[in-house]
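Got some structures for you, see below.
Next come two complexes, and both contain chain A; in the first it sits with chain B, in the second with chain C.
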Partner chain A sequence: MTKYLVRRLAGAVPLVLGIATVVFFVVTLAPGDPASLVLNPGMTPEVADQMRANYGLDQPVHVRYVKWMGAALTGNFGTSHTYRRPVLDVLLTFLPNTLLLSGCALVLAFMFGIFLGTVQAVRQYSLVDRGVSVLTLFFYSMPSFWLGLMLILVFSFFARNVWHWPIWFPASGMTSVDYEFLSTGAKVVDRLKHLVLPTVSLALVMTAGIARYMRGSMLEVIQQDFVRTARAKGLPERTVVFKHALRNALIPVITLLGLYLPVLFSGTVFIEYVFAWPGLGKTLVDAISLRDYPLVMAGSFFFAVMVVMGNLLADVLYAVVDPRIRHE
Partner chain B sequence: MSDAGRETALAAGPERPVRVRGWPWLSHVLPGAPQLLAGRWGSGGAALLVWLGLLWVALRDVSAFGSALGGPADARLAVLIVVVSLTVAWTWSWRDVRRGVGPGQPGTSQWDSMARSFARNRTAVAALMVVFGMYLLALVAPLVSPFDPTAQGDLVNERLLAPSGLHLLGTDQYARDVFSRLLYGARVSMTIGLVAVGIAVTLGTVLGAIAGYLGGWVDSVIMRFVDTLIAFPRLVLLITIVAVFEPGVLLITVVLGLTLWPRTARIVRGEVLSLREREFIQAARALGYSKWRIIFRHLIPNALGPVIVAATLGIGDTIVLEAGLSFLGIGVQPPMPSWGTMVDDGRLHLLNAWWLSTFAGFAIVLTVLSFNLVGDGLRDALDPRTRP
Partner chain C sequence: MMILHDRRRAGLGAVVLLAATACGGGDPGSSPLEGFCAAVAPRVDAYLERALSESPVPDDERYGGTVVVATISEIAGGMNAFVSADYAATQHHQFVNLMTLLNYDEDLSPHPYLAESWDVSEDGTEITFHLRRDVYWHDGEPTDAHDVAFTYVRLTDPRTAYPNAGFWGQYVQGEDGVEVVDDFTIKVRLQPHAEFLDPWRAVGIMPEHLLGDVPPEELAGHPFGTECPVGNGPFVFRDHQPNERWVFAANPAFPEALGGRPYVDRYVYRVIPEQTTLLTELLTEGIDLYVGLQPDQVQQVVDAPNLYFVHFPSRNYIYVGWNARRPQLSDRRVRRALTLAVNRAEIVEALVQGYGTVANSSVPPFHWAYDESLGDAVPFDREAARALLDDAGWTDRDGDGVRENADGLRLAISIKYNQGNQIRQDIAEIMQAQLGEVGVEVRPQAIEWGTLVGQITDPVERDFDGFVMAWAAEFRVDDAGLFHSDRIDEPYAWAGTQNPEIDRLLDEIAITVDRDEARPLIEEYQGLLADEQPYTFFYYADLTEGVNVRLRDVHMDVRGEWVSVGRWWIDPASR
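What follows is the complex of A and B.
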């Protein structure tokens, strides 16, 4: 197992280097002078050249490349123009919020996806199967940002102002305006309520995909001989499905974890923007409109590295549950 | 072929029995109707829908249709599309009836059996018709849309009007007709989807096949590059690139295509790896064919099935992604209408004008859903295990 782990980790290193390279070349190929952001027309050419030299822009490409690689790998991404703080600092401030949101969505999506897919497979071709199939395909084809807006419209606006439901959910931010004045219990409730709509809109699209995959995986397992043997032994159907079949059907679903991380992080960018959630995604979008390039570069590097980490985790998990993989 | 010959050929086929029913002359007035009556609802329905729909477009306002000929290029193109489609629908139905309504001689190639299997999947065929209908609608948009999509109306009296008979889906914050904007938005979104996937499929297929067939260091270099690009969440890579360049339709399309090809390359490489060991490739090699001829003439055509499935599903993904970029304000730039921009416009007026975001979103969902259904149908049709 240790050998397998080391091999996978070693495989991830060139990937991270490659990502840093791609980010570097995107910036380098960009038209215009990166220093123009801090230069102003009143400067003499000597001062402007001095500024460029300060940023290392007077050096040839290969020197800059090596320097960028060194800096990126040690976490030195420079200073953000808008926050006037080291970029790494800014990103680390917003990272926990993104992890909270995407973590909740991931757990929710896998729980419901696995459950729905199992029910569909066990009751293949039933009304439930067909109904859920249509529903999942519908949600699967939906842009998450639009789903978020529709949820706001229904559960935040109509529920509160038109239908006067006793419960409705806030549409933006992580906390209410009067958060500071709430009791501890009410603070927790307030935070949870703010979490509901973003999590649901992020999770629903993934749930649909996972349910579709899970249905196929479960259908394949349920036809196998050992399931028939379990039934023949006279085991109750529930034990057969949940203990014998489900465990084996779950193995390929683990690969989905790696597959869905890019989807998840792309989703957080939209959802954080729609719900004004102070996370990495919203910071990234704001940084684009403010032309804060160091922040954009570091943010995308961060997201990509997080995907690599997630894939690594999925690979290791797969090896844990399926010994054949690690002995290959 | 003589009539007797056709009879035996048809009798030998495994398909449904031939029933020439109804009135063949019906094809002169209602192309597709005889086929529909004969039970070929897919092709018959499509022909009939195209015929009736486009005839309505042309006859609804004949003078406008005529004057469009002297109008701008896209209006002239729309007229041309209408005329050509009407002719094609009519001619096809008429010739088909003359041949005898019913399935022709069943083909035996891989593509024929795939087409037959696909045609049995009613949901997928219906979805394919929706897709074609959307493209047709997008092409004839200048003739169908009731208003100019970019012209601002009366900002005092016509701003944010609710859906009504005049403005089918209401008006937006600049008093522009939402329905017209949806139609023109379809052009932008669906063209970007098609072109971007075209770029991705071409690049991915060629590079994937080269990597798979040549192996060695070529394979390593291409696949390491593919791994790196796949590790990026596609949206984040797009954001990074668009952030440092100027956003615009051309850039978005190219970049969407350039970020999708690694997936195709992976699929093709996998296919080629298994194909290259097969006898027909060995035979081609033994005949002394060059490696490029083997790659382009023997390997790629045989690896195309899964690529087509992935491409169909990829168009849906790409349309969502383009809408997402436009939604974030870094995709298609105003005043050009795009579904993503329209959802974003509606975001700011969500509580007092719900129709802005809602209908644009429905358009995205309908399109993407259709592409996904077609893709699923193609996958099932290609998979011999699911063929009866």
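What follows is the complex of A and C.
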């Protein structure tokens, strides 16, 4: 196992470096740079050149590439133009916000997805199965930002202004503007309230996908001989489904987890826009349009690592749940 | 009563709503009471309005509360006047966190601010500013002449790379142009130049005692402006969460003579990138003021009983810039025809619901030298457009509906706009339809913002025919960077204008100090622009804002949205 891990990690190194190289050249060769983005008729070409020099952009691309790569390999990703702080610092400012949002969504999505898929498979072709199928298909095919806007409309605007519900949810932000004056209990409630709508809009789409996978996988397993054997020896249906069938049906879903892990960090971009959530995804997309090269580079480096790690984790989890793979 | 009180600023929408609730229950249309109530309700409302204005909330009850302002973007560069000439940032430098030497009053004449008075030498090349002695940095240090000198020296230092350095370049008189006479008196020597007081209301003074030791080239990357700004203005910086919010507290020691402590206790600037979310936050009272309300959202604000809508003229004009280097666009008759063939008044009506004024030049309608008669210079006239194009040698030779010149070159152009900007996309598409009517083929093209800027500013490539963009006009007329042929290789001379008459006027206007002498020159300049058509000037967009009824005395004008932020107050009943 250790040997396998080392082999996989070693293979990942050139991959990550390759991605970083490609991103570097794509980003730097795109038209426009931080100086051209200032757009001020009072800015003379000399000032623009000075600005480029202050940002270190006056050197040829290959020199900048070597410098960047050299620094990055020693853990120094440079300073962000727009945030005026070390890039790692910027990433670490926004990472927790994104992790909170997508972590909650991921947990919710897997809990409900696995549960719904299992129920559907066990009660195949029942009314429940058909109903849930329609619903999951509905949400699966819906863009998450649109879903987010609809949730805002219903649970923020209509709930508060039209229906006067006792509970409604704020449309944006992570905390209220008077957060710092709240008691500890009220702070927790405030955060939870702000978390609900973005988490739900992110989780709904994922839940739908996971439920579809789970249903298919469970149906396959439930028809196998060992399930029939379990039933035949008189085990209660609950034990058959949750202990024998579910474990086996989970294997393909675990691959999904690996695929969703990078989404934890990046897939929230639209949700972050809609809910004004100060997360990593939006920060990096903005960094691209602001030509904040050091931030874009560090961000893509980080994502490349995440994708590789996600896949690796999925493979390892495979081995954990499936002894056959472990023995090979 | 409290509800009525709350709604009094909501205008007509509220009146209608109150009338409806007062007489609700009956079958509308058939009840005779309906008409009766409809007649009575406005009278009650008018009485209330009058009574409230006659017994307004007394001054000392206006203090308190948190005002939350939200808009789609961050304050780029933060509270660092050396870094940012960005609009939202300069607004906060001028009116919120920092102070300028002077500011403009409503009719745009200079007014004392940090400088309580100034003397100008007879030839207009030497200004002596006498500073107030009661202004303190928010760490307790007094603001004095050394800060002003420091700010001036750094701004004009090329190593600082201040984005608007060209603006100062026209005034600066060598390195020893500034002299600290005593702690509160400073003398500046300038080149003779029009509107020489203008720069001093534009740029916030920065603290020398904190930034004096920072090398100029490191000022742009310094965390001061975004992490720990120390200003001297009416609001003290408290907190900044990037991409999320800025929090400022009222400065209790702000000089009484300049308005004193702001009414609100706290001023919060929130970043909400999605406009639908912004509107929802305004409707659900999460924010008090939505800066930059979209024209198609105005009706919802007007209809909401808890909100009111305000709009003010602004300095921002939308235009389509033409690339005169292209053979299709090199003839000014063609460019003029392109403008003639577009119904700009209708576009203002349709696109921004009339919240805008048709533009004819870069001199805004509020400017003292604005030429009113210019409105008819380039009307909507398809026939005239066709005739001009015929004249210029562009006729439909092969009968495909698109004009060609004698060499067989088709009059086909692309109009670029930045992806995601709906209004600019609409403009490009409307031009496609309307120019199609006169035999010009237009292809609208969406481009990522940074790429578009790169394409149009690159002095060698200039990879565009036309593009939709906006400028914020300055208070003084100076378009040399845009239209002067000496500067044709600079980034913003994208139109590629080469007109000796325009060059001459730009040179003269820049150094004509006396307004009466400058007026005829500026009027002539506007006429030349209408003739040259380097841009198709579309319209000056109004500032459109949605405001919660609890927030009062929100006054804005061409000076900007934040001009009166210290005088905003929150209804004591709904704090």
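Quick note on the criterion: the second predicted complex is superposed on the first by the 273 of 328 C-alpha atoms of A that agree within 3 Å, B and C clash if a C-alpha of one lies under 4 Å from a C-alpha of the other, contacts with A are read in each partner's own complex, and residues count from 1 in each chain.
By our rule, a residue touches a chain if its C-beta (ideal position, glycine included) is under 8 Å from a C-beta of that chain, and two chains touch if they have at least 3 such contacts.
This structure is a prediction, so every number in the text was calculated from the model and none was measured.
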A:274 in the overlay: touching chain B, chain C, both, or neither? Say first, second, both or neither. both
Check whether A:23 is in contact with chain B, with chain C, with both or with neither, and answer first, second, both or neither. first
Determine, under the contact definition given at the top, whether A:151 touches first (chain B), second (chain C), both, or neither. neither
With the two structures laid over each other on chain A, which partner does A:142 touch: chain B (first), chain C (second), both, or neither? first
Quick check for you: in the superposed arrangement, does A:81 touch first (chain B), second (chain C), both or neither? second
Classify the contacts of A:289 with the two partner chains as first (chain B alone), second (chain C alone), both, or neither. both
Touch check for A:257: first (chain B), second (chain C), both, or neither? neither
Would you mind listing the overlap between the chain B footprint and the chain C footprint on chain A? 30-31, 149, 152-153, 157, 273-274, 288-289, 291
Could you list, by residue number, the parts of chain A that touch chain C in their complex? 30-33, 36-48, 50-51, 53-55, 79, 81-85, 90, 93-94, 149, 152-153, 156-157, 160-161, 168, 170-174, 176-178, 273-276, 278, 282-283, 286, 288-291
Give every residue of chain A touching chain B within the complex, in rising order. 14-15, 18-19, 21-23, 26-27, 30-31, 137-138, 140-143, 145-146, 149-150, 152-153, 157, 261-263, 265-266, 269-270, 273-274, 284-285, 287-289, 291, 293, 296-297, 299-300, 303-304, 307-308, 311
Touching residues of chain C toward chain A in the complex: what are they? 66, 68, 76, 85, 158-169, 217-218, 220-223, 225-227, 241-245, 247, 268, 270-274, 276-278, 280-281, 283-284, 286, 304, 448-455, 457-459, 463, 471, 479, 481-482, 489-492
In the complex, chain B residues that touch chain A: 224-225, 227-229, 231-237, 239-245, 316, 320, 323-324, 327-330, 343, 346-347, 350-351, 354, 357-358, 360-361, 364-365, 368-369, 371-373
